[in-house]
Amino acid sequence: MGWKNYMGMLVLFLMVAAAPLIIRNDYYLGVLVFAALNCLACIGLCLLMGYAGQISLGHAAFIGIGAYASGYMTVRLGLSPWTAMAAGIFLSAGVALIVGIPALRLKGHYLAMATLGFGSILHIVAVAAIDITGGPGGLNNIPAISLFGIALNTDTRFFYFSWAIVLIGLYFGFNLIHSRVGRGLRALHGSEDAAGSLGINTASYKIQIFVLSSVYASISGSLYAYYINYIDPGPFSVMHSVLLVTMVAVGGLHKIWGAVFGAVLLTLLPEFLSSFSEYFQVIGIEYKPDYDTLIYGLILLIIMLFLPEGLFGGFGDAIHALQGKMKRLREARE
Amino acid sequence: MKKSLLMIGVVIVLLLMSGSVLFAGEKDYRVGCVFAITGKASWLGEPEMKTVEMIAREINEAGGINGHKLKLFIEDSQGDNTRAVNAVKKLIKKNNVCAIIGPSRSGTSMAVIPIVQKAQIPLISCAGAEVIVVPVEERKWVFKTPQKDSDCVRRIYEHMIEKGIKDIGIISGTTGFGNAGRKQLKDIAAEYKINIVADETYSPADTDMTAQLVKIKNAGAMALVNWSIVPAQSIVPQNMKHLKMDIQLYQSHGFGNVKYAKAAGAAGNGIIFPAGRLLAVDSLPDDNPQKAVLLGYKNKYETKFNETVSTFGGHAYDSLWLVANALKAVGDNPEKIREQLEKSELVGTGGIFKLSPMDHNGLDKTAFEMLTVQDGKFVVLKD
Amino acid sequence: MNHIILELINLRKVFGGVVAVNALDLTVQKNTITSIIGPNGAGKTTVFNLITGSIRPTGGSIEFFGKQMQANHAYIAAGMGIARTFQNAQVFPDMTVLENIMVGRHLKSSSGLIRSSLIPPFFRREEKEIKTEAMKRLSFVGLDEHADKPAGSLPLGYQRMLEIARALAMEPKLLLLDEPASGLNTRETFAMGELIGRIKKMNITVMLVEHDMELVMDISDKVAVVNFGSRIAEGTPAEVQLNPDVIAAYLGE
Amino acid sequence: MNTGGGFSDFLQFIFMGLQRGSIYALVAMGFNIIYNSTGLINFAQGEFVVLGGLMMVTLTMTLSLPMPVAFVITVLFVMIMGILMERLTINPVKSPSVMRLIIITIAVSIIIKGLAMIFWGKESHFMRHFSSEETFEIFGATILPQTLWIIGILVLVVICFILFFNYTMTGKSMRACAINRDAARLTGINDRNMVMLSFALSAGIGAIAGIIITPIIQMDYARGALLGLKGFGAAVVGGLGNSLGAVVAGILLGVIEALGGGYISSHYMDAMALLIMLVVLFIRPSGIFGSVEASRLKEF
């Protein structure tokens, strides 16, 4: 089973390698960098939601922790970006542990609301703790990160860097789900009673995966800070948490590829919509970015009502069905 | 699985390429604009967008600049940093603009500074916070047209000294604008020997500032400065009225939208705030050098869009004219535009601009007029 | 053969005001098949849940290998060597049959989150071991050819077999089977009986809750009859069948 | 800094807290009605409040309808929206997982928000108070007539609520469904209709909250999320499903926020109610009134 995922990674690797040769425009590379950052957070969220079956509506807070740890430590303490990123990871993991232990005893709606509350509180802190976060004014002059002495300060370089991290994240994710731990998680999702009866410490696993997904989010946040070189509380609001959940759900909850697909698709969606709006104008319909919110909501609702496995899941099912049909046809002919 | 991924890749690439087909005529002067047209800060971006579209049309109908048409590329930041960064990149890399106007908000302006600095494209921000152009050594390519918040603070403090007010409370909205103003208020207070006895904040989503106001009242403040740009600021005078607080309320130039005065209702009467003269053009003396420009803009805007002008649209007006004049003088080379901007002079809506290599704003405190609210209207303060 | 593996002493469980298990005493000897029978709602499954630690007793105690069990989570009991199946066959429907059994090897392997995520499965010896062991259990119950199907797609009879294979993968000392034959047809029930017999031969002690009397009487070494949470009879199948209390309980008073 | 002024300040904060808390209480009651009949938390609850407020602004300020007429039309309008939501998004989904339901209601909240933005724009909407804006003075603290309206209407809603669920057939049927759906169905109660009715009632209560608070807070399209979250906080603190608990808890949260903002720090005022919600969720998920069995309305 597993090899397909690793083949997929190879395909993605080739696509990433080739992309800057085809896409010569830094602007689109920049958009794809944001897609990569969302991907990273969504992979972590997908491990939590799709595999461990636990919802989090506060994941933007972990992105924020990563971003602010990176921002604060590089700007105010003068640490290197890598050290700051590592510190962010530990900080996120620590916060996830503290919040996760009580929160993950809760189920379903309670957990959703608890994480939502947690996310809101952290956002309020980011706005109010001006001495650390710079408050609404934010932190600027965050340095670029460098790798082997090369500063990643162009879009092409950062594009490769961010997608390389996504590939590493995918690699860890796939290893995990095809391992003892991953099976334990999926078992937990299938039947918590049965999983327990086989010796799986369900509570501990939920917390571990929550911590892991917070680490993914934190790295995504650190990269954001090094890419934009400026952070303020805006992008780490509850709305962004909801958007991440939307990405995972639209792509397909139960497949990591779904999360990747959903993240890329929804990051690019405003681009599509704005270029469509130019076409719409020709035929006399005025499309305004005001409608974006509505379109996001409609897409999410339609997917959840009619394609609960998400676009990627639905896509996969369709291909399966098609393959089955072809096979049967071939057999019938022989 | 492999096939499907490949398919997705192909579709994405195709869609991306389709967008770049649209381009303007080769000889046009291309200027980019990034405004918060939608989203929570749309009250800033909407008048800005309307203003630049109106002026650009006017310029083009008059034959363009040096025979070139002025082509505007307007992007919506939705008041969001990520989108603003994307938008500025798009303008620079995809639309090849020679200068950028905007963004509307202080936070988004800060977010895009590194990009224009690196790409070496001049940017004229329409946002208030002074840090956008200070320190000038690190802001070689960045300019802004709204008046400086430090000058606004000075005008308020001077007025207070005149009235014998020493102990004041401050309350600010938790946005980039509010935060920057709060810092300036605290930094400059000592210069005027003013005591800040209470320092409170409220979030843009806040609905009731009673708690903050009671604290300010108890701290013995003789006047209150409400520094904010969000609509929630008009709740402060209402709450004060409900609490029967009768100390003088000062607002910042972020109050410069007549809708805010209307939303404050009767409670708004008597608020004092420094702002550009655009808001009170009717009560200006005829010999004021700005009056002609102001009246012209105001009349055109109000006839065309059937809504009251705000200072925010005025900032976009000034920015666009600065760029248009520079284009006229030196053509569309970004470096030359930058140099030209640094020696520009303009009688604008925000004041009389005199930019220099050391001052990328070019306004001083005389750009402000002390205004007051009278029955939901702004008038020049008489005493 | 007289070695006692599990002993329930004066066990009691009350849900709200309802007494589900009342002063129950029961001993289970090593390498035997002990069945608990009784009418619906007699508290049989509750006894299993108490033994596996998914619920805590209100009173009394459970001794496993002479030591009092303190398990308050199912996974702790599993760690002590107690495996179980469920009345409503709880396979993991979205995982393949083989993967289901591989989950059963959880306690016999050790790699954690970090080690798991660093190295891909095909480079890890432990993964190979898990797979080999899982395949053995799969053959044992005779589901080899279904290895790669999603478990949810199997018919109920196979799902029950799969559940047992999964439990066996734990190499348990004690296996609790909760109505393994319910919903099965005669042929499948026969196969199930035969399978349970083979499990006993592997030196695994089996406890059984079952309604199919033929199966129970056929394979059990000892039968305990419970009603309203109390034991009303205990003995060999033959003894129990003649007990007047049992007949009364089953036919109604 | 001098926080003197003593009692009158304290009273002022209490009034402010009552006003905030009443809204949280109404939102929490809305959560409970749907929770009891379906076991789901409606993440679009806050949007009902927004819809109520905005619709009322249009009817009274733009169309100049008299207050009572506008009030009724608004509540009916939002109730219809609630019914539409249930019919179009909740009802058609057969045996959904909890996560899917959560995401569906989130999607609905985004859609309502998007629609509200398109129809009413992004600016805050100003609405005149129900009666005069002249404040009364009580022991040195001031109180707005609108605050009295808010508290009065909350009391009225609670009374109607008790009467409805205890003395009408429909109300009793809804309670029966909440306790045991299967049993209720056997006695001939149409449980699907009861679910729809619960959405309608919940939306109606949300609308009332929106109507009465708008004169004070100036409604805009984006306010739903925070109102919803704090209302949920009240529902949790009061014990999810226990509506009288929710009312007490909502007012408690409002008062704590006001006192916290007044005596501790206004910068963290919004965080306080949320923090209390988290602590209660973590330590006592059944709510602080969870064990109060005496309440006859426990299920609702």
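Letters A, B, C and D name the chains as they come in the text, with residue numbers starting at 1 for each one.
Basically, a residue touches a chain if its C-beta (ideal position, glycine included) is under 8 Å from a C-beta of that chain, and two chains touch if they have at least 3 such contacts.
Computed from a predicted model, the values in this text were never measured in an experiment.
Trainee: Compute the centre of every chain as the mean of its C-alpha atoms, then state which one is farthest from the centre of chain D.
Mentor: With centres defined by C-alpha atoms, farthest from chain D sits C.
Trainee: With centres defined as the mean C-alpha position, give me the chain B-chain C separation in Å.
Mentor: From the centre of chain B to the centre of chain C is 72 Å.
Trainee: How big is the gap, in whole Å, between where the Cα atoms of chain A centre and where those of chain C centre?
Mentor: So the centroids are 41 Å from each other.
Trainee: Let me have the rounded angstrom distance from the C-alpha centre of chain A over to the C-alpha centre of chain B, please.
Mentor: 34
Trainee: Report the inter-centroid distance (CA atoms only) between chain C and chain D in whole Å.
Mentor: 49
Trainee: Any chance you could list the residues of chain A touching two or more other chains?
Mentor: Correct list: 124, 128, 290, 292.
Trainee: Which chain C residues touch at least two other chains?
Mentor: Not one residue of chain C touches more than one other chain, so the list is empty.
Trainee: Give me the residues of chain D that touch two or more other chains.
Mentor: In chain D, 226, 267, 270 touch at least two other chains.
Trainee: Quick one: label the inter-chain contact graph as line, ring, star, complete or other.
Mentor: other
Trainee: Taking the top-of-page definition of touch, could you list the pairs of chains it picks out?
Mentor: The list of touching pairs comes to A-B, A-C, A-D, B-D.
Trainee: Flag every residue of chain A that touches chain B in the complex, lowest number first.
Mentor: Residues of chain A touching chain B: 4, 7-8, 11-12, 15, 19, 22-23, 25-28, 30-31, 34, 124, 127-128, 130, 135-138, 140, 153, 155, 228-232, 234-235, 257, 261, 264, 268, 270-272, 274-275, 278, 288-290, 292, 315-316, 319.
Trainee: Which of the residues in chain C end up touching chain A in this complex?
Mentor: 52, 54, 73-75, 77-79, 83-84, 86, 90-96, 99, 102-107, 109-113, 116-122, 124, 126-127, 130, 148, 163, 166-167, 170
Trainee: For a test of understanding, state which residues of chain A touch chain C in their complex under the given definition.
Mentor: So the residues of chain A in touch with chain C come to 1-3, 6, 171-176, 178-184, 186-187, 189-191, 193-203, 208-209, 212, 254.
Trainee: In the complex, go through chain D and note every residue touching chain A.
Mentor: The contact residues of chain D facing chain A are 40-41, 43, 89, 92-93, 96, 98-100, 102-104, 106-115, 117-118, 225-226, 229, 232-233, 236, 240, 265, 267-268, 270-271, 274-275, 277-278, 281-283, 285.
Trainee: Given the complex with chain D, which residues does chain B contribute to the contact?
Mentor: Spelled out, the residues of chain B in touch with chain D are 38-40, 42-43, 174, 197-198, 200-203, 205-212, 214-215, 217-220, 231-232, 234-235, 241-244, 259, 262-263, 265-266.
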